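Next come two complexes built around chain A: one with chain B, the other with chain C.
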Partner chain A sequence: MLAPSAVILGTFIIYPLIRAIWLGRQRCNPQGKNCDTTGWGQYTDVWRSEEFQQAIWVTIKFTLIVVPLGVALGVGLAVLADKYLGGIGVFRAIFSSTVATSVAVASLMWFFLLEPSLGVVANIGWINDLFPVVKEPGLLNDPGTALGSVALSSVWAGLGFTFILVTAGLQGIPADLHEAATIDGAGGTRRFWNVTLPLLGPTLLFVVVVLTTRAFQAYGEMDLLTSGGPAPQDSTTTVTYLVYGDTSEVRSDGGLQATTAVWLFVVLMGLALVQLRGLGRRVHYGN
Partner chain B sequence: MATSAVPAMNRVTGWRAVGRYGLLIALSALVLFPIYTTVIAAFKPADKVLDNRLVPDSFTLDIFRDAWTEGRLGRFLLNSLVVAVVVTVAQVITSVLSAYSFSLIEFPGRNVLFLLFLATLLVPLEATLVVNRQTIDSLGWLNSYQGLAVPFLATAFGTFLMRQVFLTLPRDMRDAATIDGVGHLGFLRHVAVPLVRPTIGALALFSFLSTWNMYLWPTLVTTEEDFGTVQSGLKLLKSRALDTPNLVIAGTVIAAIPIFLVLLIFQRQLVRGLTAGAVKG
Partner chain C sequence: MNTMRQQHQRRGWQVRAGVLVAGALVAVACSSGESILDAGLPPPDTVPVPPTAGPDGSVATTIPATTTTTPLADLPPCPIEALEEASGTVELTFWHGMNNELEDALTELTNEYNAGQDKVRVTLQNQGGYNETIDKYFQSGPGGRPEIVQMPEYMVQQTADSDSTVPIGACFEGTGFDDSAFLPRALNAYQTGGVQWSMPFNVSNPILYYNKKIFEDAGLDPEKPPQTLTELRQYSKKIVDSGAARFGIAFDTGQDNGGGWFLEQWFSKGKELFADNANGRSAPATQVMYNNDFGVELLTEVQSLVADGLAVNVGANPSGQDSFLKLADQENPAAMTIGTSAALGTIKVVLDGGLIPGLTSDQFGIGPMPGPDEQPGVLVGGASLHIVADQGDAEAAASWDYIQHLVTAEAQSFWASKTGYVPVRTDALDLQPLKKTYRDDPRFKVAYDQLTASSDDPSSSGPVIGPLREIRAVNSDAVSAIFGGADVAATLEEAAAQSNRLIRNYNARN
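Now for the complex of A and B:
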């Protein structure tokens, strides 16, 4: 009964990982054939390379925008909608709605929103006057704003997910805690910081873990919005894009591609271990 | 006031309610803005896509027809549906089988093997796809349903999820079935699976959505439009038809509709699925 799962996981997760580690010592054509072994030194070479360092830095910057902004907005919306108002269900549905967009759909929506020639944002007069970059060369084509714009589309796409989870978390907070705090004279703001936020801890940690992992693996946004560019700065080439992107040089060499993919694995593993430690320490409340 | 079921501080009345509604409406408008502009653009006649009016003065469905035929959205949707259904059914079956072995059958090395299964959860997709693409290539499966689906027919996440619920089944139940001469497969089919149906539903929804939304893998193994999924098809469409942006915009809208419908129907399961793991790929 175990065989089907074991065969698939073995062939498509364990074998490729081991094979990639092995392949990472070599230079090959894109099919992973005609390889010349250059040795384990290729790992240190890749790690030290300007391209990889740059990609790691871009990935970190991207994550540092997407995660804090995404969590703050998600919590803000969820707290705002966690009230007994007529029609609140409609607002909740709207705030959850972006969970239904795939990365391709969300990215194309933002592409057409920000595209300078036909995008709506670029052609609203006052935005244009205030920020000329919106029209020329366009938010996605300016090295200074490209990463932030891609991150914004990513935050938007992840908003529904965060909203749904935080809303579920809020509903799990016993109402009498809020009542007790109110009787003790705590206002809305103090209740948020001293009751709501600490009790949301486990939910928020989960959200942060998922959003961070996703941000580190983000690919579709860069592929559809900027193709890792704008060139030549490659200001949106993340590590994942470096491995797989159409415009990435690494992609045309099966060996180098494997080396970079293995480093991506190592980085994500490190991240996961850090997060697991954090989770283990803080996830349990009550019981 | 204190006797009300609704906590006092969560009830908003009077001017504060008006302010709250204003804020909610403004924020809703912001969240919906990208969706609104896309949908509006898709309904505009071809010569008016560039006029950027927020409230269009004319509507047409022509572009949807073009996106469906010229843009081949119909084909992409069919491909996505085939791949997502195959993967979902397979993941549920393989997960149930392996989870059952890990929870209700004793065999030597079980814990080690289970740890190995769990370890695969730590391996990100992005680290294995380089070699998986080569594997699929050497099998001659580029541009085929096998190529799109086979690497995902099993999941350690599903195994873990199902094992958790199988462990809650009373041990006596299995013992009673053994005494009655019911084998493992019979017990699984007639007792275990019916009892854990909600979890299976959540797993199925999760599998379906993550397969449907998968982006990187389909773009790696499909070069021909015939086997494009909705996600990789949108990329093909964008690179091919950027001079006719309205076609791509209409394609985006068509591509978004099925998942909106699925989520509308399965709202409840979604929350359970989301808290069990992340959906987007």
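Now for the complex of A and C:
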């Protein structure tokens, strides 16, 4: 009974994973040949290396911007659109539209918004006066703002996903709970914090886990918007970009790439466990 | 009871989660300060210094006339007669990285070839760009590879070391191919150890793009672009002081532009070697040499242009457009930038289409790349065509047939006039449409003229280094640090150490 899924899982997940872990103990040439086995020490060396430490730190910062902002905006929009008003469908369609936008398309849009020479945002007079960095050197070229700007494009691109899930979650909350709370004298704000949010728990947990994983694996935005720069600080070189990016020094060494990727897997697995066990206990599944 | 146990469990998990997070943070906080490139390896001081470079950095500076390092006899043969013997149509797949106008022109040449005979049929597969082509090619096994692949000039050594191609020199020998009309420099770029690895096809080099109107406003002759870095400074100063534009020139730090490629070009212009063993052409390079006095002086000059407000750094330039767009900036434009000649055709089309407000295609001028001295030469950029080995004899022979078609004088005349690439052979200049293009629009000829003006110094053949792509990434970081005001000598020293680490790792496993 289990055979078909076991074969598929084994071939496409388990075997490559074990192979990657094994490869992570080796240093190879660009063709993946003439590999020298250096041993498990390669894992500790990579973890402690300057480049990896920098990349994991950038990744954590990126996640800390993308996840809370993404969840807050997604919930906000969903609550706003969760009304029975004429034409609300139009807004729902707009709010969820980014789910149909690929990272590449979203990144290119943001590139043309933020590009300092001809970009739309960069050439609005009052924005320039208030924030000169938008024009010189440009949000994506300043080490202080690059990561935030890339994160913003990522939040925007992920908003449709959060919106749809939270909207579905909201529709699963029985209306009588809100009615009962209203009768007890709870206002809109109070109902949001004491009724809506706790009942959204399972949805939010799922959203947080998925958004975190996505943030840790984000690649397209950095590739298209900043090439992992601005150099020399490598302000947007995340772990994924370090593994595969155009400007990465390890991209031709399959061994080092594997070591780095396996570390990313371990960190993500640890995070997911913490999130599921830690937050999961606090979530009310309604039974 | 139940609730208490749940609470206990919850607390247990919280503790464990806390320990995990704390552990992760501690681990994050403790960095070894070492490079990831040393991971798993013994400390560098225990690695013996390769014998080819003396401890004082003294190296061979001439290319030996003949070498026996990689004789053709040990390499896959070019079975030219196999096409005659093949029955039916030979199907070829060609992986390339040409986009926009370049892809259109390549498609046209290929359609013409396919329609002109019925023995071979070539299918083009655009891989998205050079980087994508490289990764896909090297990570594929022989079964997944195409019959023909286009590789950029910085991949010469790595492709040769992969033992996966038929050296085109073997086909030259087999057919008695007449290469007398070819630009020797174009052929040399793809030679190491006396072996011609691939066929130059799209040859580019960096040229100066400038706005003639700004030159006029600043009281400069719009037909006389600056030739050297000294002149570049004088021109920029005049442009900025007169208020004609906010900046003289826009630099970038992209690795295939100002952060990597231009550096190699400037070294060649200064007749300086970039790497030892005659830029890696007499034997595999063992160390880079760009941290010498010449490099420090060169980058100090470039740095001061930025520091004095005469130049602007547009950053990593991931799209390759930022440096060009700076010329069209409505508020703070730059008057000049350096970019590949391969962009010329596309830029002309974009400007003719009115896509950039206030800038017409007649308004931009082209000059040679300004360099450290009067020496006008440049290195060959762009890419070449490789025949992939082990795809069958008929396929190899058919690939050779198709490649010959792409480098005929007629094809190169069409190709160069459509794209801005330099034709790989001189007789293409006598044929239409290139003859007319070069006569009517001399901007297209600047790249050709500066390439043919190069000297015969060994430094005129660019560096071939196994991990050159990664070294460019290192240099791109260094150049951005220097633009940001970092100490030039120390930055170059550090970049060279990192590059030598890459070379050492590469040479140890190839």
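Here are a few things to note about the model shown:
The criterion applied here is as follows: the second predicted complex is superposed on the first by the 268 of 287 C-alpha atoms of A that agree within 3 Å, B and C clash if a C-alpha of one lies under 4 Å from a C-alpha of the other, contacts with A are read in each partner's own complex, and residues count from 1 in each chain.
Please note the rule applied: a contact is a pair of C-beta atoms (placed from the backbone, for glycine too) under 8 Å apart; a residue touches a chain by one contact, two chains touch by 3 or more.
Nothing here was measured: the structure is a model prediction, and the numbers come from that model.
After superposition onto chain A, the partners chain B and chain C occupy overlapping space and clash. Of the two partner chains placed by superposition, A:Thr237 touches none, neither chain B nor chain C.
Legend: residue contacts after superposition of the two complexes on their common chain; A:Arg48 is shown touching chain C, with no touch to chain B. Looking at the shared chain after the overlay, A:Ala104 reaches chain B, while chain C stays out of its contact range.
Of the two partner chains placed around the shared chain by superposition, chain B and chain C are both touched by A:Asn123.
When the two complexes are overlaid on their common chain A, residue A:Ser5 makes contact with chain B while staying clear of chain C.
By the touch criterion defined above, A:Asp36 reaches chain C but does not reach chain B. Once the two complexes are laid over each other on the shared chain, residue contacts for A:Trp57 go to chain C alone; chain B is not touched.
Of the two partner chains placed by the overlay, only chain C lies in contact with A:Arg277; chain B stays clear of it. When the two complexes are overlaid on their common chain A, residue A:Tyr84 makes contact with chain B while staying clear of chain C.
Shared interface residues of chain A (contacting chain B in one complex, chain C in the other): 31-32, 111, 115, 117-118, 123, 223-224, 254.
Only residues 25-32, 34-36, 38-39, 41-42, 45-53, 56-57, 60, 111, 115-118, 123, 128, 135-138, 140-141, 223-232, 234, 242, 246-256, 259-260, 267, 270, 273-274, 277-278, 281 of chain A touch chain C when the two sit together in their complex.
The touching residues of chain A, when paired with chain B in their complex, are 1-2, 4-9, 11-17, 19-20, 23, 31-32, 77, 80-85, 91, 94-95, 97-106, 108-113, 115, 117-118, 120, 123, 156-159, 161, 164-165, 168, 175, 178-179, 182, 188, 191, 206, 210, 213-214, 217, 219-220, 223-224, 240, 243-244, 254, 257-258, 261-262, 264-265, 268-269, 272. Per the touch definition, chain B reaches chain A in the complex via residues 2, 6-12, 17, 20-21, 23-24, 27-28, 31-35, 37-38, 41, 49-50, 52, 54, 93-95, 97-98, 100-102, 105, 113, 116-117, 120, 122-132, 134-135, 137, 150-156, 159, 184, 212-213, 215-216, 219-220, 230-232, 234-235, 238, 245, 248-249, 252, 255-256, 259-260, 263, 270-271, 274-275, 278-281. Put simply, chain C touches chain A in their complex at residues 9-10, 13-14, 16-17, 20-21, 24, 27-28, 30-41, 131, 135, 138-139, 158, 161-162, 164, 253-255, 259, 312-319, 321-322, 325-326, 328-333, 356, 466-467, 469-470, 473-474, 476-478, 480-481, 484, 486, 498, 502, 505-506, 508-510.
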